[in-house]
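Sharing a structure below in structure tokens format, with a few things to ask.
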Amino acid sequence: MKKDLVAVVLAGGEGKRFWPITTDKNLFPFFGKTFFEHAIAHSLPKEVSRVVVVANEDNAPFFQSFTFSVPHDVVTQKSAKGMSDAVLAASAKLQGASLLIVIADVLEDGSVFRRIVKRGLSERVFGVIAGWKPDTYYPGGYLALKGSKILGIHEKPGQGNEPSQYVNVSGHFIAHAGKLVAAIRGTRSDADDLYEKAVTSLMQSEEFVLEPYDGPVTSLKYPWHVLDVMDVLLKDISSHQGKNLEIRNNVVIEGNVTFGDNVKVFENTKIVGPCYIGENTIIGNNNIVRHSHIGAGCVTGFNTDITRSYIGDNCWFHSNYIGDSVIEEDVSMGSGTVCANLRLDRGEIASAIGDNRMNTRRTKLGALIGKNVRIGVNTSFMPGVRIGSNSMVGAGLVVSRDISDASKKLL
Amino acid sequence: MKKDLVAVVLAGGEGKRFWPITTDKNLFPFFGKTFFEHAIAHSLPKEVSRVVVVANEDNAPFFQSFTFSVPHDVVTQKSAKGMSDAVLAASAKLQGASLLIVIADVLEDGSVFRRIVKRGLSERVFGVIAGWKPDTYYPGGYLALKGSKILGIHEKPGQGNEPSQYVNVSGHFIAHAGKLVAAIRGTRSDADDLYEKAVTSLMQSEEFVLEPYDGPVTSLKYPWHVLDVMDVLLKDISSHQGKNLEIRNNVVIEGNVTFGDNVKVFENTKIVGPCYIGENTIIGNNNIVRHSHIGAGCVTGFNTDITRSYIGDNCWFHSNYIGDSVIEEDVSMGSGTVCANLRLDRGEIASAIGDNRMNTRRTKLGALIGKNVRIGVNTSFMPGVRIGSNSMVGAGLVVSRDISDASKKLL
Amino acid sequence: MKKDLVAVVLAGGEGKRFWPITTDKNLFPFFGKTFFEHAIAHSLPKEVSRVVVVANEDNAPFFQSFTFSVPHDVVTQKSAKGMSDAVLAASAKLQGASLLIVIADVLEDGSVFRRIVKRGLSERVFGVIAGWKPDTYYPGGYLALKGSKILGIHEKPGQGNEPSQYVNVSGHFIAHAGKLVAAIRGTRSDADDLYEKAVTSLMQSEEFVLEPYDGPVTSLKYPWHVLDVMDVLLKDISSHQGKNLEIRNNVVIEGNVTFGDNVKVFENTKIVGPCYIGENTIIGNNNIVRHSHIGAGCVTGFNTDITRSYIGDNCWFHSNYIGDSVIEEDVSMGSGTVCANLRLDRGEIASAIGDNRMNTRRTKLGALIGKNVRIGVNTSFMPGVRIGSNSMVGAGLVVSRDISDASKKLL
């Protein structure tokens, strides 16, 4: 009898660092579909016979009602305690199966999952792990290698101490779930790396091999990662015109642009693809839109510039500049309001995370704005500021510090 | 011998509540003509054989030199003391006549005056009064009715106590001036309602009938009423091109737009009717103008958005947003200055009148700006603020409170 | 043997009053060439057999390597001590020659130099001086005349005391250098007018005649003079298209515009000549550019208005209004930033020079910005402010006072 191959989808993580965005990362919409569909759902290899999603209490209902092409179960982690805890939470559903373990909020080229599974099944090795070569030191698990054989995972070894160039990323094939579960149960760690330690101990007795991966690796950890994911997804966007598309006089469209149904584009506007324009959205007169995602039901008004930005549904603009920004949904912005996207010294932009300033490693980053925010006229957002949902931000402000949820900030 | 029919035009009211607009309400210009011409002068029934205008000291010269199609007299009220005082002021000119009494600063469909007169003359009743059904409680005089017979006028009865759905509006036919004058002289009241009380007392002996009216009723009491009047008048505007109209390349004109002589419209501009553009006005490049009145001799500059606004003569703009605003005349605005027209909470907009905030009942209202005001760059006017004439308003301000006449306000 | 005719080019002046511009006045670029080339180099009469440049230590290397059509020497003034000192500094190179003395930072129609030389040589007079009739009192040296004979130069005589209508401007022919040098050595003055006194003393024994000049006289004394010089030079600009010029859809070009190589002009933009657009510059979408100089390697971004302004190389704009402004080079401006160019009272604009406010005599003047300045979004520059080089100017500011070099100014 053919052995069960279970895709274990780890989707129980918390989203605190994703603030001011409050949508669950897996459900965050791109092109009218959830991130989960882009990252995982349509990328599972055909050999997968069953899916087990490890969810949290908030997103479990979504996964329960989601339609996979194969049967699926949802188990819920009470709190997000890392990969090892997630595998244990799912263990009752994994007995006797082989596993493809994937992390839900990481976007990789789905072909890597197919290569891992194919190799695990054909070469009859115990484990296959996707290994990725970052350009600079990456605070993850580095693979100790002997040829293509993996000897261990060194979690955050520190720059200069990497055992190889390869980092362990989403996509692990494990031939026998029971052995992995036992290894996890037999391992102790005070740190976050219990899973990696358990796998490393398994490597003493079982053969693990490296499957090199050189595609993009992007995850939705911080809000500006929405732009990274958008960049990857926009690469594949096609030129498409929805029903009732209305393009007025003297509109220039370059590159690939997907228009949803009932979109209107008014006079003297230029759209430079790749872009996505959601259904029922109105792009006003004398606009420029470049390399951006604009959700459904938006109105961009007169004379707006949207460049390299993610705009969710139902946003209203008017003579704004929105560059390198993430605007979740239901946001309105008064005339003349600008999201600055460059530091005056051209340096890398920090964003305050908790009490700390965190370097985003981006030299271009605009504002990060949650849901249902009302913004007045002639206001200036400094690069990297985050605006909490349900807030009001008055006119004529220079906003250089984060604004918490449900705030009212006036001059 | 045919009896004289005298149109009594009550034009003596004061305009304090019209501030910051200082032009007399009756003389306020729309489409290059005074409000009086739109509201009254061209609406008088052909049966009218003479006109008596009750003016105040300021507007009397205008009415004296105005050319009606029939003879006219002007009498002057020393101070505005209500309709009864106005009728008494005119009484020497009314002897033996029938009357059509109209209030000069109220705009109704002129056909109602013709219907009232026709009915008064043909049915040989003593009085005919135009009755209008407001959508919500209206602080005016409600008509007590028995069928179409009017039994009395109940001034401001309070919501729930209305004697009928009909409110007494401009347009009263009175068959015998002398009896009205006698009734006024015989009535005493401490309040504003002496005229209504006198008419009510007349109704005990004379027959008054209702002439229902279901058209618009707009008056120029508060400055934002200019927008209401403009809306009514724009409904009838036609598509007209004055002499020497110059329309540059890639201009889009939709709907009915009346262009005065010597107007120029520069490239990449869109005008969405109904609109009026006065003579010698220049609409600059890359503008959008929608549902607005722009006076003579204006220059809108580059990249200006004028939407649902009244602009008087000789105004200069440059990269502005002017929405739902009233700008009297001789106003200049620096680049980037914006009239915000929505509250962040989308609520109804209050405007301070005297010491009180008054709810304008509008959810969209921009700035209200008097004559001869100079405004700097990048300034933001909050919804409903009023700017007194002969003022200077500096750059980079957020103007959330009224500015009195002849002020200089800098950061 | 034909006598040497030496053009003495006085280029040793300091540029303190030219601040915030730090480029040497003579080297200040227009149309990709130095001011010196426009003002002097191509205007020297063919009779000139040699050039002696009196430079300062900073600009001497430029003049040393400059290629004239005749041999040249460069002498250096230690400090700028006026024309007399400059002539003395050059005296060793002038022996036995006739002289054409010109001031390097004054732009006149070059034909005046040819007329002066021709007259000096043909009429065999000792001196010929160009005389110019200013419209109003001019704080310079007025010529005392008898017919066309010059009796003396009265330095700053005070309004009402002018000996004639003619002012001494750049362009003096002197038949014998030695006599001039001797006169200077024999004259004493505590003031700046030693040269004029020396020449006046020479006039007692030698014949000097007036050569009337009615063309423009503009010099680069103050930074706003860049606009005056630009105006003069733009008059002669031709319609020229450099290599690889790329003009997108719906671009309107009126008047004479010179485009350098590799210029791109994006959609819906209008350029109204006379204008100069330097090589590799990108004029963005929906711009308007009028009567301006834009250097090489600039990007004007979306929706920018540049009117009657000088922009140097490598400047970046985005939705700005730049009117009547001078921007040296390497300046970037955030979206929505505006250079106001009119006082609210429409008066003449003062600029602070040292501790004093100086009336520029201009009613339209924007900002004066040095090299390498970074400017944030939605900032407002008041008319006539000067911004020192290497500064950072933050977002949302109203800049009404000068900012010194290498400053960081934030809200």
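We just call them A, B and C in the order they show up, numbering each chain from 1.
The rule is simple: a contact is a pair of C-beta atoms (placed from the backbone, for glycine too) under 8 Å apart; a residue touches a chain by one contact, two chains touch by 3 or more.
Computed from a predicted structure; not experimentally measured.
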> Do chain A and chain B face each other with the same patch, meaning over half of the contact numbers show up on both, or with different patches?
Replying inline: different
>> Since chain B and chain C are copies of the same chain sequence, what is the angle of the rotation superposing the Cα atoms of one on the other, rounded to the nearest 5°?
In response: 120
> Taking each chain's centre as its mean C-alpha position, how far apart are chain A and chain B in Å?
Replying inline: 57
>> If I count partner chains per residue in chain A, which residues reach a count of at least 2?
In response: 250, 268, 286, 303, 336, 378, 396
>> Could you list, by residue number, the parts of chain A that touch chain C in their complex?
In response: 250, 252, 268, 270, 286, 288, 303, 305, 321, 323, 336, 338, 340, 342, 344-346, 378-380, 382, 396-398
> Inside the complex, what are the residues of chain C that reach chain A?
Replying inline: 248-250, 266-268, 285-286, 302-303, 318-319, 334-336, 374-378, 392-396, 411
